[in-house]
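Both complexes below contain chain A, partnered by chain B and then by chain C.
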Partner chain A sequence: MPLEMSSSTEGNTARLSLGGELDGSSAPSFRDAVDKLLQGRPERLVLAVEKLTFMASAGLRILIFAKQKQPTLKIYLLKPQETVVDTLKKTGFYQSVYVVDRDEDING
Partner chain B sequence: MKSRMESSGLDSRIDYYPTHEHQGIRFRRGRTLPFGATVVPNGVNFSVFSSAATSCTLVLFRKHEPQPVAEIEFPREFRVGDVYSMIVFDLDYEDLEYGFRFAGPWDERVGHRFDASKIVCDPYARVVGGRDQWLTKPDWDNIYQHRARLAFDDFDWEDDRPLEVPINDLVIYELHTRGFTANPSSKVSAPGTYAGILEKIPYLKRLGVNCVELMPIFEFDEWENSRQHPQTGQLLVNYWGYSTLGFFAPKAGYAATGRFGMQGDEVKNLIKELHRAGIEVILDVVLNHTAEGDHRGPTISFRGIDNKNYYILTPEGYYYNFSGCGNTLNCNHPVVRNMVLDCLRYWAADYHVDGFRFDLASILGRDQNGAPLANPPLLESLALDPVLHKCKLIAEAWDAGGLYQVGSFPAYNRWGEWNGKYRDAVRKFLKGEAGQVGEIATRIQGSPDLYYYRGPTASINFITCHDGFTLRDLFSYNDKHNEANGENNNDGANDNNSWNCGAEGETSDEAVNRLRLQQMKNAFCLLMLSRGVPMILMGDEFGQTQHGNNNSYCQDNELSWLNWGLEQSSGELLRFVRMMIGFRRSNPVLRVPSFYQGRDYVGSGKPDISFHGTQLWSPDFSAGSRCIAFLLCGRHAEGQQRDIYVAVNMYWDGLPYQIPAAPQGERWKVAINTSMRGPDDILETSEAPSIDQQEVIVGPRSIMVLVSAPRA
Partner chain C sequence: MEQHKFPGTLDALEPIRKYVEHVAQSAGLDHKATYKLCLAVDEIATNVVLHGYEEAGLNGDLAIGAVLENGNLVIQLEDHGKPYDPNFHSLPDPEDLAERLESREIGGLGIYLALDGVDDIQYASTAKANIHRFIVRLLHHSESTA
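So, the complex of A and B:
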């Protein structure tokens, strides 16, 4: 299933909604989208991933790289599927992001 | 093939700019170092060496695809000496698999076995694909079975670094990554994986070990030598993994995320979390041979690249077999030596590994003809290497070619050794064999006869390990029972120094089972009371059995997998082991990194150690003796506040032992008595019963440990 993305920025929060599969072939466009959002130096990057069924290592690395480029950036995964959370935990990427179930849980 | 391409508008340095193109792939001359595949600006630098190839071709695949997308021969002008290097552009790093073809002579007698029809794996591959999920049946027609991939250096270590725990403070726990949690009884979410170990970190912390020694995690092929049992039809596989095909790559099939290619991250995360819990990580590394076997084995990598230099060959061009596994790595060849150094430096630096245990390490001291060296360059280099300087280096100081170097391994004041003599002496003593008391007295002191110039920390004391019986089986079987291995019980050691306590195998005889439990306690007790560095085998703490199989290398099933149900049913033993480890950790006198001197050098009025028998000051080292006692003076160890008196009776009847006077103002408390049932077998000093008599009965085949404590 191809990757679907839509993005927006509101104040200090950049938001990217993802659906489908984030695999090796779609990772470059995901990276471009993240790079573009980070140009505005947001404080928070919210990835709404409820409809994302798969995130390959390429996608996870893009998040790690974003964090390393901008250490103060807080990355939120909103409603990730269990398989995604599972991979995050097993590879240690879980500590680099905030996993939340509701928009209200996203704060400074 | 075009050269000097027109500018394509790439904004980059001129030295990272393509100059050639082939099959739509752009490339240029590469950097000779480092070897392997390295991501550089705009591309990937590939570098590989071969002393006798006539040409080398880089073969590029998309992940999992059966046929390559491009094959690029290294132009002659790209070769520097024996090194072929090129930088390739426009690659999808996540989707790339690569290998090489080497053309050259086939002359067995000289040692050349080039075969350009085969695609071989990069010896420096940091990720190897092809066995991404454990025991998933491969496509046997795949032309390139074990495929090199790129690794990415973006793991977030935060502030983690190797723990550098003093070796004298270690309690090592040998474990098999898959076997540790594969059994459903482990109740982990990712059984049989690195992530599975992660979920058991709280258990390891409670147990009190502070170091795990992982059996081989370098990439290997679990399908190697796989077969069906001739009688039962059960699938037998390469379960232990002592057969490396990728020295720089972690085993994908041990990773829950192996199917995503994230085994490197999973291993790093495991190490990071173990460190966070105060637990070091030692890797069991197999550098003595490769998975290619002898002349009948597959060409996976080394044989097709530089057979003559990677392997120790006979004058006729066959493979010396000092490993017992078909071939022997030519470790003291300068080029191979460098590869070994690069490998270990990589694991130390990129994976934060705390140390290495070298399988069949004596091979690393043989020269290029197989003869033992007095001053092996590789062992010296490893001992003095700056990157490895804080790593523990532990040798299994023997090989399968008859070289036995326990006590004489070229140490350079750094190498420790698996002390096989400790193992044998303790087993014999616990069996009740005659004539063992003298040697036991030496072994519990840290083996000064072997390591006088090194100190007791050179002695890795163990009673069991993956080779041989589990501790429970050591006291349950007189003989090995390896029928399940399909080799007519001909495999595995025969000299086990085991004793079944009166019945062979499982029994309902309560007296036999009580004795077995007591013997296991005796074993742990002696091990933790000995100077040196103790190592225990996973599962021994709750009485894991392999039903008498002492060579479970091929058993990927419940025989080898830890039975976590025993954690509950063997609670008495588990509690004893946990508290015994705690006893060692809270008594620094047991962990001093120097030998006892047998004299008073602090003016306490007592020597640091004194030996006794059933009578004070009269140790009985005669052949018929099975009794020994020793007194440790606490004032001879910094941080130690109490004396310890240990009475060991391996006779089959209880015996009275004279007890020395307690220090002034103190009395003796019975902290440990293996003849008692739990919870009275081991107690905190504050809860232990005190004794004021001058004599105590030590039960048959048991150990009593008294500690001094202030009179209330």
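So, the complex of A and C:
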């Protein structure tokens, strides 16, 4: 399933909704979308990934890219599927991003 | 073994995952084991396309097939790019994995996930092709999820 994305910015929070599959083929589009959102220097990047059914390491590398570009950025993953959480845990990313199940948990 | 051929480009990743998903489900793997196998094959196929073909200035196909063998599901991926054995790649160690994202090295995660996703990855480079064999022990799997 192709990657579907939509973005918005509200105050200091940039939001990118992702659906479908994030692999080496679609990662460049994801990187471009993140890069564009970071141009506004948001404090938080919220990735709404409830409908993201697959994420390869190419997707993880974009999270590294975002943090290297803006080290103070807080990255939230909203409602990731269990398999995506497994990948985050296995690679140590789980400790470096905020994994939340509700919009209300996005703060700070 | 019946083989399905795809052009050695990143566009092949999605149909390859679909094929692996179908085979894994037919073999009785559960959702999580199916996902991990798809991820393993996807990561290696990505490396073959990017490093074995594109970086090396080569063109070629990716041929994939599957077989049940001695209680194992074996997915076989063949290419004709620059040989690259994932078992000799340096992997991130626990210290690397605990590093903050802004200090992280970019490479190595794909093969790390690939090796984690299956029981074994066998590799051979012959005059005919480079062959990755992804092994999932079906008995082990059913015991572990029982």
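We take it that the second predicted complex is superposed on the first by the 108 of 108 C-alpha atoms of A that agree within 3 Å, B and C clash if a C-alpha of one lies under 4 Å from a C-alpha of the other, contacts with A are read in each partner's own complex, and residues count from 1 in each chain.
Basically, contacts are C-beta pairs under 8 Å (C-beta built on N, C-alpha and C of every residue); 3 or more make two chains touch, one makes a residue touch a chain.
The structure displayed is predicted, hence computed values, not measured ones.
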Room on chain A for both chain B and chain C (clash or fit): clash
Touching partner for A:Ala56 - first (chain B), second (chain C), both, neither: both
First, second, both or neither for A:Pro71, with chain B first and chain C second: second
Partner chain(s) touched by A:Ser96 [first = chain B, second = chain C, both, neither]: both
Touched partner set for A:Thr83, first chain B, second chain C, both or neither: second
Partner chain(s) touched by A:Glu21 [first = chain B, second = chain C, both, neither]: second
Partner contacting more residues of chain A (chain B vs chain C): C
Stretch of chain B penetrating chain C in the combined three-chain arrangement, among 39-47, 255-263, 291-299 or 561-569: 255-263
Where chain A meets both chain C and chain B, residue numbers: 24-25, 56-58, 60-61, 64, 67-68, 86-87, 90-93, 95-96
Residues of chain B touching chain A in the complex: 63, 92, 94-95, 152, 154-156, 158, 189-190, 193-195, 198, 255-257, 260-262, 265-266, 268-269, 272-273
Residue numbers on chain A that touch chain B, as the complex places them: 24-25, 27, 56-58, 60-61, 64-65, 67-68, 86-87, 89-93, 95-96
Parts of chain C lying in touch with chain A, wherever the complex brings them together: 10-11, 13-14, 17, 31-32, 35-36, 38-39, 42-43, 46, 49-50, 92, 96-102, 104, 106, 109-110, 112-113, 116
Residues of chain A defined as touching chain C within the complex: 1-2, 21, 23-25, 54, 56-58, 60-61, 63-64, 67-68, 71, 75, 82-83, 86-87, 90-93, 95-97
